[in-house]
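Take a look at the structures listed below.
Across the two complexes that follow, subunit A remains constant while its partner is subunit B and subsequently subunit C.
So, the complex of A and B:
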């Protein structure tokens, strides 16, 4: 209580932070009580509820868009960290290991670094175009996330032309790259921008044609429906019906995302940094984030189209039932009655004490407080694990999200792996590969798939 | 006349406004053309573009500046601009005595400085008619061959890095680091060794060096093979280097090329065999050659040579005699007036030195023939007609070191 009696200037930093917070909480609580007592808050809630209910699609869209925008940055951070760490291991280095445990906050610090850098516009650039280019590239990457189904019910907008929207919006990023290359007033940027235009437009064809097989099999372009069609065991995934389509799509996706070995647009040993040469600070950061978000999105799309999206590889419930391990997910806390009260009141305390006891007994150099803290943390971890398990069993969304993210990050890892091991292809080889090999292969795949679909229909 | 605000401030003169600052970024030199070649090169036809590669560029191996004239992605012509690392080493050497010249010549070939520092040493010994103790000769060969492997290992990494591979350069550095640490135990330095002395070497082999050498020898050949696995059968790497920058024998000889680029065309010219020096006649080794003369052949040749060097080191360790490592010579050296030419086989070719002594304790003239300079000339022959990306592959496969080129 000494914090209350001390003058402001004598408080520690923690006190200066905590005291206003405590005041704020008390004030808010009083306001809340007052509001409920006078009936203002229930009226507001009712009004807001009716407003939301009346405009549900708009609210849903706004929420989805903001959630996706907010999601991109941590995703990019995770992938950047993955890339730094995995490439370091491939290179037999340690990689980032200073900031955060195992260097996990390194990419966050990189993000803050680019934020803090000077927003510099070089002489001679076409200022409006130069400024808009990173926005276009970033938005084209982020907007494609809107149709990606993460889990059952967890999709921004379930369009019936989801795939078409995806390619349409995803194709916009070449405009941004070209804008950056053209406006930068730098010959390396110009070459990079033109390379981007040539490369992305060429690979757009095999990318889209590689998926047409899937569209024919699924009979829909809605990504949600495509995932639903792949439900069941892993044998129902489209990769087994469309192996060639998957290969074409994967290669084209690597080129589309400007990733190694097709990273010619920013080939550092040839054209310095390509279209991003003149960019610095957060403008460069947008390009950087867009690249990694694109890696996530393309991996996600591969997962959705060919690897069953959020479907589990094997449905475990029949197996569990067969083994007699069926779980009653309909746990009702209301039936516990007074027991619930005891559980809430005594459970944490007893659990913490029980978990702290072995530490306190075994480690004589630890104080009681330290053992208690460890016990408390362990108890929290256990409870979180239990709740997570419960949710995973009863909520399809959680388990779907888990499988989607797991599969997606496998492909993200493949992207990173390729970057660590392969040299870069040359521009003529790149274009030749797209037009001479991928495009005919995609057409062949299309033809064979069409033939198979017709044959199967005829037999039926 | 537009308002000042809409125009662009000149970078040369901040008080001046110009319509376009384009000229300040162009690669065109600020003086009128000095030769017909320059006039022709800096005259652009329709659709052509000049770009500056260097002096600050990720893949020009130091401060080489190459002005590329490109038509789209294709290189039409190029103009290398040298001299960004010029220190006047030859002149500096004339102002110090013979011992100073050793450390002055050290940074000429900075990734394999054991070779460039041998220049004044061997020249002075030839002028003095000095008999170097046999143990010292063997130690020199040991140090040279180790340094050759370190340099060749780095070559592989650089080539891969310029082709866009991130990983091989780090494997190369792991291999190079072992050797460099070993040589640091021997000489006290990691990069510029300053180890050779007129009449011998600076110190005898020590325990740390020998133990590191033993460790390294146990896995050297294996590690070389392992590192090469990532590239050797890599489709992208092979496709980008095979048939690229193919050099025929006549051109190579006409350009005075030596070392791996020459041997990759099939001419087995190696100074160690052609004009034997030190104890190389007593050692058994092959001179690897390749017939193709392209970038891939040069890459393979470097690996073969590294393997031969391991073989040489093995023999040197078995034949190493006992005895002193320095000849009995006075501190103040005054070679008789005269001229001497010596040449050794550096990782990049024939490193030669033409020395004139006027009888004083300073070299009267020390002219150094750096192989990188002659090998780099091939870029002008090989690159036009190829793509921008190939310029790097060709340049890296010729392995130039700017320290020696600019001197």
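So, the complex of A and C:
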């Protein structure tokens, strides 16, 4: 109550954010009730439904594109936090532990800090190229997400040339790095950009040749089809038929993502920050945003190609059926009618009060407000848990998404682990390794796979 | 054709996302012109000399040449791999000849010391 009587200028930052939100919620609730009472909202819902029905593919595409683009933001935050925390543990430090529980909000705060920083254009740079370079780098990373199958039915576009599209768009990365290095009017940037170009094009070859074995076995380049072919138990995953291909692909992917131990393009202890030296503010932020999104995408591609994508390691359905756990939840929300609206409106209030009551009664040192806040948070957690459980039981897409994300983050962890453990290689070792070892190994893998396919075909 | 429209639409969405974020950052952040030292390129505290965009020793343009040769090879290999189950032995022999010629070129470059970074 004291927060309301105090003048606005004396409020804390949290109060300034929360008070308008409370007002907004009350206003929205009133508007909703008014709309339902006058019959405006049902009419609007019907109209919107007909509009969506008429343009279903376009609506589906807009939703998918926005979801994919917005998904990259929390993904980058999670990976940055993982990197800070795990490398800290590897170095026997504590890592971020101030903002949020166990420092979990540290990377989010970093992101907002970059957003609020001055975006400075130094004198002498080639301004259009300088501005477009982060756009090209970010787009080359994020556009490959369009063909990545996240779960059954959850893929942007299922192209029959998915893999070729992936490498084609991913290859545009080089152009962005060269643009950044060239336009910066800085010798460090130029060296960094040229190093990046040499490294990325050299590792492009093992990366693309490493998956030829998978294409041969699958007979298709559609990523969705490749995942479907690996259904069954974990023994059907292509990594057991293509161990050398996986190894080559993984090493090349680390180099393509400019990650340690192959992070010579930004080598902060040698050439300051490489191509990103002259960048600041959000344009700088997008380079690193793109880098972390690329880590996620490359891990996702490894999962899709070699580790069965969204397939579960073991098919648990027979076991569940045997235990009598196959639940069929056919909740019919339509039957509830207007009752549903009251449930949505009253549910949070009643739930919050009910959950807050025990705290208020048992903890005499807690104020009413604190018990209410805790009750509200608990209520939300419960609702989220219930909804998650319902979705997981009802839709196989949720289970598929869980397995895809779980496998992908295993590889993200390996990327972070390598960064915390391995020293950076020398540039001549880097280039020599790509051309003298990985490329011949990839070709060897190709011919061995071809011979194996022929042998299996002859035996059949 | 619809695939192309999806790609273009997604590219447009991505570009809008980037420029919207940069726009929000432009609204949030402070801007200050500073003196001439603020705009100088950062080269570890030493004033820059000469022209950055002058002649520059590229010791690795040969990598780019090799890359072009091999990357076009990769396109052929992908199509070959796609139909491999139909061509089998004949396809393997012809691909071995094709890759063999390219490997001869790689061996020549290796022998000449091109693959050693200088």
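To be clear about the criterion, the second predicted complex is superposed on the first by the 332 of 460 C-alpha atoms of A that agree within 3 Å, B and C clash if a C-alpha of one lies under 4 Å from a C-alpha of the other, contacts with A are read in each partner's own complex, and residues count from 1 in each chain.
Convention: a residue touches a chain if its C-beta (ideal position, glycine included) is under 8 Å from a C-beta of that chain, and two chains touch if they have at least 3 such contacts.
Quantities reported herein were computed from a predicted structural model and do not represent experimental measurements.
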**Request:** Name the contact category of A:188: first (subunit B only), second (subunit C only), both, or neither.
**Result:** both
**Prompt:** Of the two partner chains, subunit B (first) and subunit C (second), which one does A:113 touch, if any: first, second, both, or neither?
**Reply:** neither
**Message:** Per the contact definition in the header, classify A:419: touching subunit B only (first), subunit C only (second), both, or neither.
**Reply:** first
**Message:** With both structures fitted on chain A, tell me whether subunit B or subunit C touches more of subunit A's residues.
**Reply:** C
**Request:** Determine, under the contact definition given at the top, whether A:219 touches first (subunit B), second (subunit C), both, or neither.
**Result:** second
**Prompt:** A:427 contacts which: subunit B (first), subunit C (second), both, neither?
**Reply:** both
**Message:** Output check: A:60 vs subunit B and subunit C. Expected answer is one of first, second, both, neither. What do you get?
**Reply:** neither
**Request:** Check whether A:439 is in contact with subunit B, with subunit C, with both or with neither, and answer first, second, both or neither.
**Result:** second
**Request:** Check the residue A:263 against both partner chains and state whether it touches subunit B (first), subunit C (second), both, or neither.
**Result:** first
**Request:** Scan A:92 for contacts with subunit B and subunit C and give back first, second, both or neither.
**Result:** first
**Fill in**
subunit A residues contacting subunit B in one complex and subunit C in the other 123-124, 185-188, 272, 427-428
**Prompt:** In the complex formed with subunit B, which residues of subunit A make contact?
**Reply:** 87, 90-93, 123-124, 185-188, 191, 195, 260-261, 263-264, 267-272, 419-429
**Prompt:** Which of the residues in subunit A end up touching subunit C in this complex?
**Reply:** 61, 65-66, 68-69, 114-120, 122-124, 134-135, 138-139, 142-143, 146, 156-157, 159, 163-165, 182, 184-190, 194, 197-198, 201-202, 204-205, 208-209, 212, 215-216, 219-221, 272, 277-278, 281-283, 285-286, 427-428, 431-432, 435-436, 439-440, 443, 446-447, 450-451, 453-454, 457
**Request:** Would you mind writing out the residues of subunit B in touch with subunit A in their complex?
**Result:** 8-9, 11, 20-22, 25, 49, 51, 57-59, 73, 160-167, 170-171, 174, 230-231, 234, 236-237, 239-240, 387-390, 392
**Fill in**
So, in the complex, the side of subunit C touching subunit A is made of residues 3, 6-7, 9-11, 13-15, 17-19, 21-22, 24-26, 28-32, 36, 38-44, 48, 52-53, 56, 58, 60, 63-64, 66-67, 70-71, 74, 77-78, 81-82, 84-85, 88-89, 91-92, 95-96, 99, 103, 106, 110, 115-117
